[in-house]
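Structure first, then comments.
Naming follows writing order (A, B, C and D), and every chain is counted from residue 1.
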Amino acid sequence: MSEWFLLLVVLIPLVAAVLSPMLPFKKRNSRLFFLEAAVILNSILVFAVLLNRPDASLTVFRFTGNLSITLKLDGVGGLYAGLVAILWPLALLYSFEYMKHEHNEVSFFLFYVFTYGVTLGVAMAENILTMYFFFEMLSLITLPLVMHTRTREAVLASRTYLYYMLGGAAFAFIGMIFILTYGRTSSFVPGGVLDLTKLAGRENLIAIVFVLCFCGFSVKTAMWPFSSWLPKAGVAPTPVTALLHAVAVVNTGAFAALRVTYFSFGPELIRGTWAQKLLMGLIVFTIVYGCSRAVKETHFKRRLAWSTVSNLSYILFGIILLSQEGLTAACAHMVFHSFMKICAFFCAGAVIYKTGRNYIHELDGLGRKMPVVFITFTISSLALMAVPGLCGFISKWYLAKAAVLSENPMAYVGIVALLISALLTAIYMLTIVVRAFFPGKDFDYESIRDVQDPNWLMIVPLVIFVIVMFVFGLHSTPVVKLLEQIAAASVR
Amino acid sequence: MAFVQNLPFISIILSLFSGPLSSILSGKWAKRLNLAVITLIGAFSVLVLTFVLQTGEPFVYFMGHFPAPWGNEIRVGVLEAFMAVFFCVIMLLSMIGGSREREIEIEESKQNLYYIMVDLLLCSLLALIYTNDLFTAYVFVEINTISACGLIMIKQNGRTIEAATRYMIMSLLGSGMLLLGICFLYDLTGHLLMSNIKEQVQILAVTGQYHTPLFIALGLMAIGLAIKSALFPFHAWLPDAYGYSTVSSAAILSSLVSKGYIFLLVKIFYRVIGFNVVCDSKVINVLFVFGIIGMLMGSISAIKEKDIRRMIAFSSVAQIGYIYMGFGLGTEAAVVASVYHILSHAATKSLLFVAASGLTDASDGSGKFYDLTGAGYRNKIAGIAFTVGSLSMVGIPMFSGFISKLLFSQAAMGHDMKMLPTLIALAISTVLNAVYFMKTVITIYMPATGKVNMREGRVIPIKEQPVKAIALIFFIVLNILLGLSSEPVVNLIRIGLEMFD
Amino acid sequence: MDFANLLHNYPGAVAMVLFGIGFSNLLLQKNLIKKIIGLNIMDTAVYLFLALKGYIDGRKAPVVVDGVQSVEAYINPIPSGLVLTGIVVSVSVTALMLSLTIRLYHRYHTLDLDEISAQLKKEDK
Amino acid sequence: MKELLLVSILLPSLAGIILLASAFADVLKKKSKKQLKAQAKKSQTPLHLFVGAILAVSAAVILYTAWSGEKSLTLFTLVDNISFRLSLDLLGSFFVTIVCIGWLAAGFYSFVYMSHEGGEKSFFGWFLMVFGVLVGLCFSGNLVTMYFFFELMTLTSMPLVLHNGSREAIMAALKYLFYSMCGAYGALFGIFFLFRYCSSLDFAAGGHLNMTLVSGHEGILLAAVFAMILGFGVKAGMLPMHAWLPTAHPVAPSPASAVLSAVIAKFGVFAIIRTVFYVVGPEFLKGTWVQYAWMTLALLTVFMGSMLAYREKVFKKRLAYSTVSQVSYVLYGLSVLTADGFTGALFHTMAHFFIKTGLFLTAGVFIFKFGYTKVEELRGLGKKMPILMWSYTFLALALIGIPPTGGFISKWYLAAGSLNSGINFFSWFGPVVLLLSALLTAGYLLPITINGFFPGGESEAEVKEEDPHLLMLLPIVILTTMAVLIGLLPNVFVDLISRITNAVLW
């Protein structure tokens, strides 16, 4: 397939998004239909491109010398692109219903669809500059979505969001410059591009820069101590929190970290250095920290956000193991966690949409009234708790396996952290479930008499996610095989 | 010799005489004259630039037919010509952008005085760019200072006069040191023409004679010019001067005047002392340290600001810091980066000032952030322009700021000792920039509804201020141009620097 | 740093000392008038230094009275020219400073710059 | 016929799911409480018929499957190269039989009992699901499959605990849940490492560690195994994670607490047996710190449990504490890693199962008829319901271990196993502790008998005998007879058990 399709799939959402406010649509639905059609078409195109991948890379634009915006699709990028392409249409479907009770949705959908293109851009970046470019763009383009409600709280949240994002990018920038200067090439090559002849005897420098760069990118994945923006950003409308702050934006951070680790710096250079130890320490701490904050949190969406913080660090943990197994596990968790968490968030959104309740102590007895929502929620919680038979268990299994294989004491600690966080997950998720289904003897259902499940626009995505969770949980072999191939291709 | 070679001299003279001429004109005509002159000179400079690029070597223009070492010379290379073009463009746009404010803020009788000042300023800038004679440079530095002072104080209120006084005091200190430095050099070498001084200095450097005096002279000149261009510890005058003068003054001062001094410093480094000698001296380390401190302190005080104009003013302290940091790195690439940053900052900063004035118009003339809430909706074009400027300042790809950040850090990579400090300082200052610029952007795009006791601004449609809108659009285009197709510009700078010696 | 050297060209030293005095006055004085005086001292010091450099023992000023004599007869004319130019510059600058001072005095009835800033701060309130 | 394995798992669980669905449907129909009550009354008999039929049929199927030879069935790959594998061996059959008996007894008992608790449909629904899950647990063919069912067991048995929906019950349920999860994850930690160092995770007597891999990593592997013992030990109420048991068991409806305490607690033991004797292999643990720590914990639990039970006033709580101590008898028997110990352990599993089920059901009767929960309320019941009281007495004696009851035999084997374990300190210290706790057991069980028959003081002249409903009485009596029977003619069972033992060690 011609490499121009790469540019095409990036552009279609951007164009569609920009057109959507301009075109004179009579009714709300016609605009939404237009957007949905565009997005679905794009997703189909993405898969078409994935299935017969163009080998050539496409240079869109050249800044100076070797600095150029270049698109190319390789294994890891393809994986990420595919994931995004699956999730976006569903999320858009959901948000059509959800946004009914939020105002000026036109601009919302503009940026929401626009982000799709940018995310694909990150996935298909061929060199580090391109990735940085789309990375920055992502931070800026999602800002209006965070401050969508325009309340004081939202504005403060969006400020924090932006400071963290740009700050992270600023430190990632150092890494980029380092690669541009000392790399044989700026593009992503499995096993890293650093030119050791130039760097002989400066291992410490490499380590420092790697730490800075990794942390910089990991700000988007809300690694401790850069995690506080994520819960704050929960003020955004739920589709944003669900798709962007549980999947697209945050995974972009993980993806970027993965890129620089395996394709720019190269795992060999980092393995066993203090850099790896330090980062692993931070990550392991984040895994536990996020969960414990989630347990303390009483706001529904913020609790989920904290849980995201910890789960994203699973991915980083897999990455920083610096082995093929680790990479496999990281990819697996990237994929599976997206489904679990987006499902959980959509349930929260459905509750907010139907009842306007935001806090957990307000959820008593809703399980009996919104059975579908809360059953799906229960299943996603079980998945997050890594109950066997659901996809959460699979990714945890591979993470732990990789950690054990690495025979690195730090990694053993990491396993313990994984399990502790699983336990905490059980605590903070199941308390909600129990509340919802067993409000206690003396609870009068009259107070929530006319609460009921939302309509199909919201239900369909939820059900699909649940099915996916079960499928991946019970029959993970093919997808894992695929991931293993990708990882093998990425670690030389 | 080709006719084009006369053009630099002609343009200097043109601007010089248009000043006194406009003193007998009415404000309106003075304005037209001034705009015409700037445009004309811009055109001339373009011709000169093309000429120099064709010949591929600089040319020297004797004034009053004395050959060196006695005569006074103009020397034109690629960089000089390019700077002249760029300065003309920026000045033109700033004049256009601020025209409405000038009519409001300056009383009718003084209108034409303003244009005298601008003409003289242009003249002195051109002279600073072109001249090959140190003492001439000094004289024009003073002229520059005086006219700049005029630009500040033309808007008659206590603030501006006080600011002008402070400005004068500081820059007089600076020029005093500069003059002393020049005298030292003259004492050491017996020449005033840059090229001749350089020969001598090279000899001295090789033989190692007069080591201390030479570096004292260099230090005096560097510090003097640093003071005049408001490097960090000497920036006390800057926020008032930029924050309270009329818009086009602020734009011109921040983007041209200080840059003129810096450009002179570059010339001194390359054409008078010789870059190799400069790099061996300790002076550049001093510049480096102060540059970095400036980068951070400037931003920090900008964060504390409540008024948008003063905030932008403080941010230019930080940006000046960038430039001196570049000199401090003391490598070819770093100087290229600094010169590029001179350009990008000139473009961005004047854009920001003009846009800010547009926003304040839309919020009943108040520059306080509290009143600016939602101004981005009330004055669309200004809002967009301000956003672009901020993004460029923060260093987002495809805006000019990104490229200079890129060049700086690439230059830093070449350096062992100063690499990590520079990179980290860059990163931190990026964050700080983000903090105050993005905060402003968010504020102006936050709807003003539900705010109590806020002065309600009125919506300003584009057709109400067409001129400013045009200026802003040009600024935006210029900015994005610098951001996207930086390669030719960078090459120009490289060639120019090579032509210096 | 041998002091013999310093003693040998004491005029230069004097000029430097003067420059220092002027500089510090311009920088540190609160009173604007004193600042301006400092400025003038500073400039004058520089001119003194220049003139000194131009001067050669036992020669005449480069003014042609009775026919041009050999170049050795005259001292170096250029510094004198520079000094003249410099004086012009400093005069204009001084004038400007003085006018500013007058304006400020009319407004705030003080010559103390910090005082003025304080009043300005009050204006904001 | 290996599909029978699957069938016998699915049959009860599906039935359970159907019941739950219908129960949920009732709730959704937004009916008022009164209507629900009426409907419940109406649908009671058909419900009982349905449940009874299911119980009977599936029990028949399961028992047939269990005793018709070993068989195994591989369904699909769960994760990595580990498949979801069901297989049956003697140990599995042994436990599955226990499960069946327990469920039959408790099930029929609760037909009467649950009528005053309400919410029967959902109760029986969960009840049947747990049944299915437990069968799966017995049949599971490798560690991961077992872990899968283990988690499910926790999740499905939780609703039994919070059945009556009171705040207290919910809190207890959550406590139960989180303790069990904690244990499960501890076990999972071990599994990760075993997967690395074992050639396979399938169950095979004697285990299969890959010694070449292990060499050099004994330390971490031992830690992993210990983590698993602790983790599974949570279910068995072993110290330090026993606190949930006395909270969770009593709040459940009595039949539920009977199966929880007598059967489900045993599955902690089952899992430990599987891990230690079928995956790791006892040889690896012999003489290591893990074994000693394990023994110490077990003995501590035995003693602590009895002490707490002795000081407890609420009857069901007292029984729960006694479970804590009794199950640790079994653990101790395992921890000595000798043939006799193992035999004793399995035998005591069986004995304690009969006894404790019986006891809890008895307690249920007290609550059902008089609403008595405290111990001191139980006076003079001997006159009112002599049969019940007598059976209780026999059960108590059995638990204390007076010959010729089942308890005696098991304790005998345990002591023997400990004495010839060759670990000088524990070999004699263990039996001493066991004896002590036996005394305590007598201390906390017999008073009820005494007060029951000789209330002393005021004498009720005319108390008419009112033994409970037959469906409640019969299971208790049967269990009692079994408890005594296995003591009278132990050889049958000992032979069976020693077949397992021989398969496992030596």
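Here is the rule we use: a contact is a pair of C-beta atoms (placed from the backbone, for glycine too) under 8 Å apart; a residue touches a chain by one contact, two chains touch by 3 or more.
Source: prediction; values computed, not measured.
Each step here moves to a touching chain, and the least such steps from subunit B to subunit D number 2. Among the chains present, the centre nearest to the common Cα mean is that of A.
In whole angstrom, the spacing between the mean C-alpha positions of subunit B and subunit C is 28. Subunit C and subunit D have Cα centroids separated by 103 Å. Here the CA centre of subunit A is 43 Å from the CA centre of subunit D. Shared interface positions of subunit A, i.e. residues touching 2 or more other chains, are not present. Contact topology of the protein chains: linear, an open path with no closing contact.
Each chain pair that touches appears in this list: A-B, A-D, B-C.
Across the complex, subunit B meets subunit A through its residues 391, 394-398, 403, 405-406, 409-410, 412-414, 419-420, 423-424, 426-428, 430-431, 434-435, 438-439, 442, 446-447, 484, 486-487, 490. Those residues of subunit B whose C-beta lies close enough to touch subunit C in the complex are 135, 138-139, 142, 145-146, 149, 153, 158-159, 161-162, 164-166, 168-169, 172-173, 176-177, 179-180, 183, 186-187, 192. Touching subunit A in their complex are the following residues of subunit D: 24, 27-28, 30, 76-80, 144, 147-148, 151-152, 155, 162, 164-167, 170, 173-174, 177-178, 181-182, 185-186, 188-189, 192-193, 195-196, 217, 220.
Remark: subunit A residues 368, 371, 382, 385-389, 393-394, 397-398, 400-401, 403-405, 407, 412, 415-416, 419-420, 422-423, 426-427, 430-431, 434, 438, 440-441, 449, 474-477, 480 touch subunit D in the complex.
Residues 19, 22-23, 26-27, 32, 35, 39, 42-43, 46, 49-50, 53, 78-79, 82, 85-86, 89, 92-93, 96-97, 100-101, 103-104, 107-108, 113, 116-117, 119-120, 123 of subunit C are the ones touching subunit B in the complex.
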